[in-house]
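You will see two complexes here that share chain A, one where it goes with chain B and one where it goes with chain C.
Our next item is the complex of A and B:
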């Protein structure tokens, strides 16, 4: 690949990693607080999976930029200010209740599976290889979410109301997920990454079926969030200040 | 109840118990709580109330076995698990066809005579949810690559011992 394409792919991978890392951080906030012990372990596992995916994408970016594979992921995670992050707003929103958390994760995981299906046949072999590994884990994530959705949506009056409220709250943020990722256009042209806009129909079909099975309805009237990934909000700043505090206070810290 | 098979051809062994509202969630919880070793091949779950159990002590005088009535209902398949050693986990012995739990237990005891069993369990195959071979990659592949999910990855006991030794050595100097 030429250096221009390298830079585009590094940008693209960093955005993917940012989505995963911020979601991992948000979901890890449940550690010790999930509804039952088993789910606490399960959910922390899912968060750790996303953390691993973030590391994978950042390491690939490091190689493309001739950075140190071992240190670059930490640099990206701990030493960038909010303005330099490229995650979607959906993952930055405060964790809310259990309904909100599960639904957000499901929206994200369904899209991730679709994207990975495309990335598995990427023209850049290291990316295709990594995608195949991550794909298996994401299949499990989707199964986990699919199991919970109808149990809450059709559970009690309260669980249904909470799911419906979460859906109404999250829905406007789904639009931003289908905007092109940073660096995407030349990668699509080169057969390295799937076009994000092209994943929307598959996502919607899966989500529509899942919502119907859970007796939930997407709102008809809403104002979609379509600001670019370069415009972050105070939600991300709060999250970063906690996540980065130790590394910034003591850059030599080891654990 | 959660059962795990670590490799193809090996018997399933009893891992432990998870709470879950239904059997599908139990399988998922079983995966997240118990699949930690470098490999896993299959996972089964069955509701605790479906397990019929007898211990060596309960069977010792032969009275329970003698009292089992032949039942006239339709036969179904039952999984048979047994505890081969006093400390070990229960492991899979095989299957029997029977019309009731009592009858399945009696058949199991008469069939699997090669070991001295400490505890017997029988439960209906129809009440068991098993992972499917095509699901194995999604359910278990992480256990091969995610060292950090294996408790052996965290040498906590060794680390604590080192810290304690250091402290003691420091104390002597003081």
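Our next item is the complex of A and C:
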């Protein structure tokens, strides 16, 4: 790969890592506060997985940019301001209730599985290898969400109402997930990454079935979020100031 | 992680003397008591109290460390801490199951925690004020818990003993990770060394209190010893802990907040000053730095999760009606 393609892929992987890290940070907020003990365990585990994935994507980006594989991921996580992050707005939204949390995860995980299916056959071997490993973990994430959705959607009146409210709130943000990732176009052309827009039909089919099984309806009228990933929410700033506080107060320290 | 409890054993019911004698003979032979076996009512009661307190401690213990997951200063530390807190939730789950073998449900136990009828380890009523607290909890607090739990791994009740074997393995891992952090911070930048010393100064005495009151103030311990639940006394375990930890911490250049701490060549023990027992009992009785906060956090999680648990029950019922 030439250096231009390297830079594109590093940009692409950083955006993927940003999605994973911010979602992990949000999910970790449940640790010790989940509605049942089994979900304290499950959510900590989901967050551990996503954190691990973020680190993997950042490490691959480090290699492509000839940066230190050990230190560069922490640099990306701890020393970038909100304007430099490229996550989708969906993952930055505050934790919300359990309905919101599960539905957001499910929307994200289903897309991740579809993207990983494409990345497993990436022309860049290190990426294909990492994707194959992550793919297996993500299948469990989707299974976890799929078990919950009908339980809450068809449980009680209250749980149904909460799920429907979460769906209405989250739905506009899903549009942004199908915009091209930073650096994507040349990667698609070179057979290194799948086209994100091409994943939408598969995502919609899976989500439509899951929503029907949970007796939920996607809103018909809504204003889709189609702003580029370079435009961040205020929520991300709050999240980063907490996450980066200690590392930035002691920039020379090793932890 | 969990330390010794405050023992409140009262033998109230009169047991069949022959059955009691057989039971005590089994324990004397080193046999394990299993869920279906005959046991004195007080043995059952004491075990439920101890195991559920232990489970509650794991659950409440997620809070002080959990607060630092979002602030952990590197991805590696964030991963380690998340995995550790996940382990604690797993220990809680495992212990609730062990207690359930004695005829009490998890719901009843959680209810006792939330109404204040059941206790949890005092140590979690202290705040985590800087990042070095995380390493300190791993090395000192988990280290103290391991001493107590290694003893309990040999206890006479099979399910508790087996739970402890498994939990101790994971706790030893946490302890090593904590030790690694304390070593790193105590040799780090001036700010890191300062936060490390601050953490040790705050956690040293509460950690020693984890072993419970003096043997002389723990009049019921002999019964727990006779029934093979406890096999070593609070003071013995506490002395072992100080002997192990004090030289290691001082070797790192850390100062322990005890002017009376000194090595006694004749006994081979590190002698230490008197624990502030007024503080100990104050925290036991609910007036610790964070007792109210910890319980409020648990109650909030429980109340916020009520609709979720109701939905699960309703869904299960509907599914059953369909089948």
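The rule we apply is simple: the second predicted complex is superposed on the first by the 251 of 255 C-alpha atoms of A that agree within 3 Å, B and C clash if a C-alpha of one lies under 4 Å from a C-alpha of the other, contacts with A are read in each partner's own complex, and residues count from 1 in each chain.
In the analysis below, a residue touches a chain if its C-beta (ideal position, glycine included) is under 8 Å from a C-beta of that chain, and two chains touch if they have at least 3 such contacts.
All values reported here derive from a predicted model rather than from experimental measurement.
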Joint occupancy of chain A by chain B and chain C, clash or fit: clash
Partner chain in contact with A:45 - chain B first, chain C second, else both or neither: both
Partner chain(s) touched by A:147 [first = chain B, second = chain C, both, neither]: first
Touched partner set for A:53, first chain B, second chain C, both or neither: neither
Which superposed partner A:243 touches (first chain B, second chain C, both, neither): second
Touched partner set for A:37, first chain B, second chain C, both or neither: both
Contacts of A:104 with chain B and chain C, given as first, second, both or neither: neither
Chain B versus chain C as contact partner of A:77, first or second or both or neither: second
Contact breadth on chain A, by residue count: chain C or chain B: C
Region of chain C that runs into chain B when the structures are aligned on their shared chain, from 114-122, 240-248 or 294-302: 240-248
Residues of chain A at both interfaces, chain B in one complex, chain C in the other: 36-38, 41, 45, 48, 52, 151
Contacting residues of chain A [partner chain B, same complex]: 36-39, 41-42, 45, 48-49, 52, 133, 136-137, 139-140, 143-144, 147, 151
Interfacial residue positions of chain B with respect to chain A in the complex: 18-22, 24-25, 28-29, 31-33, 137-139, 141-142, 145-146, 148-149
Chain C-facing residues of chain A, complex: 21, 25, 28-29, 31-38, 40-41, 44-45, 47-48, 51-52, 54-55, 58, 73-74, 77-78, 97-98, 150-152, 154-156, 158-159, 162, 242-243, 245-247, 249-250, 252-255
Interfacial residue positions of chain C with respect to chain A in the complex: 59, 62-63, 66, 69-79, 82-83, 85-86, 89-90, 92-93, 96, 106, 131, 184, 188-189, 191-192, 297, 300-301, 304-312, 314-315, 318
